[in-house]
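The same subunit A turns up in both complexes below, where it pairs with subunit B and then with subunit C.
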Partner chain A sequence: MAKKIYQNMIFQSILLMLLLIIAGLFIPNWLVFVVTKAIAYGLVGLGIITLMRGGLVSFGQGLVFGIGGYTAGLLGTQAGLTDAVLLLFISFIFTGFVGLIIAPLLARYRDIFFAMLSLAFSMVLYGVLIKIDAIGGSDGFVLPSSTFFGWTPSKEYADYSLYTVSIIMTGIVSVLLRYYYNSAPGLMSLAVRENELRVEYLGASSFNITVINFTIAAALGGMGGALNGIALGHIDPEFTYWTTSGEFVFISILAGYLSVPAVFFAALLLELVRSFSGRYFPDTWQLILGVFLILSIIYIPSGIGSFFKKIMDKLKETING
Partner chain B sequence: MFAEILTIFLDGAIYASWLFIVALGLTFVFGVLKILNIAHGGIYALGAYSAATFVPIFYTLGLPEEFVIIAMLISALAVAIVITPIMERGLLRRFYGQDHVLIVLVTYAIYLVLEDVQKLIWGMKSFYVSEPREILGAIEFGDLYYVGYDIALIGLAIFCGLSLWLILNKTKSGKVVLAVIHNPEISGCMGVNVNRVYLSAFFVGAFLAALAGAFTAPLISVQVGISVAVVIESFAVVIIGGLGSIPGAVVGALIIGMARAACVHKLPEAEIFIMYFCMAGMLIFRPKGLFQGAEARKI
Partner chain C sequence: MSDNDLILKAMGINKSFGAVVAANDINIDIKKGERVSLIGSNGAGKTTFMNMVTGYLKPDAGSIFFKGENITDLNPRTITQKGISRSFQIPQIFEPMTAWENLLIALGTSKSNYSYFRDARSPENSKYIDEILDRFSLNDFANRQVSELPGGVRKLLDIAMALVRKPEILLLDEPTSGVGTEEKYPLMDTIAKALASENLTVIFVEHDMDIVQNYSDRIIAFYQGSVIADGNSKQVLSDENVQEHVTGKTKLKAKS
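Here is the complex of A and B:
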């Protein structure tokens, strides 16, 4: 039974990925770019969701976002590595590793203290990055244009190639994450969220679960940072600033922790609101973003994911009879 | 050598007193309403802008120069009077009792809105109102000269902290606030109007933020983006001292103020991240800050 569900899920994901890749050929170039950026932000949001399942929200995901971005950027400029897939993968692994080192420090904290300590870490990195002139200081630096398995796309297809790669990689990561959510530690996270002390009495370690969750969140954030850096072609310390982290938290609150696709949907919504208001109301885009945030928190407090889940349940009901 | 220590000490104290006034409002609002208010920085900026508007008007009136202080107080009061009903009554009230992080996010949204409201009202240009800084002349410490106004800020910080502490601990209405902090539901049952306590506490917090902004206006150029740094700095103070604790805010502000002043003079490279360093260090060794009591765990 469970196997069948997974087969269905993988089949659906592949279908969705193909659909998006084909759709990418027909949508305008700016939208391709916006979607790629939304995927980058969505990946970080997915990390926060993973933490949220364990009852924690990190207000400092800019830390891993920045580490991922700078990893990709430095590999590109210093080591001459320009293969997008490889860069994304290395950032994923490396940032996950960094996350594994920081996680034990953070895993003892809960609630607002976890949020604040993660914020402090990200701001320490910000402070350091802004002072290192060798990598551009507060201006950051430009990334070389990326290649794909040795192939350099022409200018008009550069965005599309990255878009395709990001969709495939994100699809794989999302499916793996679903497996994790349904595994023992993944399900135990939900129990930690409900009541940590009881989990401990049952013999499971909430500390270990939090470490695993944070490591996953870090790896995802690193990949998102790398993708964002490559997509923009530029990276600067703003990646680690607290306002950037705030946007990630917003994405995950908007999405809720129930559904993986909802995260990317929320990220896309944020990106679209940002690019439209940035285009038509350049002086007041923060105002619009803020109002949008407040309205969505008031009217969809449990997140878009709850809608998704309701629709899916309805669909299943009708199909099954 | 001695002169250097004195400089660091005075610079640190001036910086700390500024930080303390901002953090006092933040920690008080958290103590009573359990809201970590990111928009506090936005209110601070509004206070600065408001002073930049009122002070030039004051000078056109031709009153004695010393009364400019009153103009600055009025500008802070005006901000608090306008912002409190909108924020507390209009928005935050909907979220009481919900997840802390959700409320932080709401205040972050309000902060974003306030950023653009500043731009809409005052535009992108910078304002300079340095005149009030000259009213107290200069003060001499050995070979060092300090602007009297800066030193007076230390007095203002002590005054703010002391009066809030006295009101809370020595007056009847203060004790009512303490009761609400301890348990809002039972205080409500005892006949305390909890909503009104929340409103007044938020008003005090907003007033302190705007006051810090108004009295900082003469020291800086008031322009877009002054609130960003304030948010994190006051957060660091409050986290170091323990959320909701007034003595904690004193110690937190002093630690960060002194550390930063020492860095400026001795290790300028570290100036930007020294406070995050203090904050992270404090959280690692004393997770709930210096002045935070034990809490019961839910089983």
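Here is the complex of A and C:
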């Protein structure tokens, strides 16, 4: 019985969330902020690995990142909605809905065509956003301070409160996503990646699976964008720019599609490299990231997720005796 | 033959690829439970017929009915969902996965399993997959990556995947092609044994006339897109046209 509980995914996730929330009390405030940003980026990366399982990579996740960010920002400034949990949830649902509308168009394409079309969508949005002065144009706008179920934390605890909320919400979506990955349609993504013809001859639709995966990726990206906007307290069209989308692809390739926690680890690595390089080697952080990416593609082509998977398999073996 | 016995009906099927006629006024009725083999030289139209039945190709003219329903314009996915499955000349399996996982994915496409939040590796599914593996003598290969498996085993897995959905018609495209001569009979024995317990109509394309005689109760011979003979092995293999265009006059004696 005890063994079963330890193996239970929900139990493991709650334990990990608790550990991270407690750890947040003991780490410096700047690191709390960096981890929150890494979670925001990791959520978008998680969306891309959902697509990668089906053999596709989106170069334009800045689109949904931006939509999520602007949704949270506009709800805050225009509707006076400042509750972080609600803003994250609404951005998740709304961007998922936008994804569901775009997905049937994208799902007709494969490989580089899919990637470039998604990039085109994000650049169209970027072009529109920089022209709309009412929402700040290229400068963007400032978001009001967040509240948490009616409570406004002091400045000292504002970052930690958002960190806690982001850990809990990310934990929930990660568990749901793991259930999806293990379900029949989730496994079908891996089959679509390998042989679409056979998938059709088994009676499943590779088109529908791609639509579902893109919708999930959009919802996750939207939540990530909202979280990033709330954490920064500012949103601008850079959220949708192609270099931002490139960072999400970087995270996904570094993480691989074998492990959910690996995506957040890769995102944290990106944030740390960015923070430290920016501080000690200004204007060279892209160079450092580039070298990092080259090494990871050569030496760990399946991503750091393959290490995570090995560790988990070993743990399971040990628990099973 | 009453209409109730009919499971598949092809009426006036024509199909051309440019100047090449792949199907010329094909009319075929197939009864429930029949084991039918399609014979003919390369390019005679056997695989084209199979591709039209499974929706991969659309006929230029004519109609195909499955249990009285016109399926001519349906896509492969819908036709599979209705109960017609197929295997391929070159096995279409998911290479980086194990044999067990391939069957799990095949099983996952059935309506009862298509749930977004239920673990596909349920005890019921695992049990059913183990049964299928057992029926096809694939137990020893269950946890091996399929890209490492020998040709005959890959063929069996391809057929097993088509069978997992419990179809009413199973089409096998050259089940023994690419398999060594000494492996052919054990392979066909395994397939026949695995299919024996199913109330299944089987249509298969085959070039080996010994296999055709031993494993089918009806033979349809194709030549240049037309059906030139249709009947039991004695009738078809003794037909002069078949001997001239398909088997070669002196090669085979019809089995009585």
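We take it that the second predicted complex is superposed on the first by the 314 of 321 C-alpha atoms of A that agree within 3 Å, B and C clash if a C-alpha of one lies under 4 Å from a C-alpha of the other, contacts with A are read in each partner's own complex, and residues count from 1 in each chain.
We adopt the following convention: a residue touches a chain if its C-beta (ideal position, glycine included) is under 8 Å from a C-beta of that chain, and two chains touch if they have at least 3 such contacts.
As the structure is a prediction and not an experimental result, all values here were calculated from the model.
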After lining up the shared chain so the two structures overlap, which partner does A:Tyr126 touch, if you call subunit B first and subunit C second: first, second, both or neither?
first
Please indicate which partner A:Ala115 is in contact with in the superposed arrangement: first for subunit B, second for subunit C, both, or neither. first
The answer to whether subunit B or subunit C touches more of subunit A is B
*asked:* Touch test for A:Pro144: subunit B only (first), subunit C only (second), both, or neither?
replied: neither
(request) Using the superposition on chain A described above, determine whether A:Gly203 touches subunit B (first), subunit C (second), both, or neither. (result) second
**Prompt:** Touching A:Glu194 in the superposition: subunit B (first), subunit C (second), both, neither?
**Reply:** second
Between subunit B and subunit C, whom does A:Gly186 touch in the aligned arrangement: first, second, both, or neither?
second
Contacts of subunit A common to subunit B and subunit C in the A-superposed view 195, 197-198
Within their complex, subunit C touches subunit A through residues 54, 75-77, 80-81, 85-86, 92-97, 101, 104-110, 113-121, 161-162, 165
The residues of subunit A that touch subunit B in their complex are 57, 59, 105, 108-109, 111-113, 115-117, 119-121, 123-124, 126-128, 130-131, 195, 197-198, 242-243, 246, 249-250, 253, 283-287, 289-291, 293-294, 297-298, 301
The subunit B residues in contact with subunit A across the complex are 36, 38, 91, 94-95, 98, 100-102, 104-106, 108-113, 115-117, 119-120, 228, 231-232, 235-236, 239, 243, 269, 272-273, 276-277, 279-280, 283-284, 287-288, 297-299
Within the complex, subunit C is touched by subunit A residues 176, 179-180, 182-188, 190-191, 194-195, 197-205
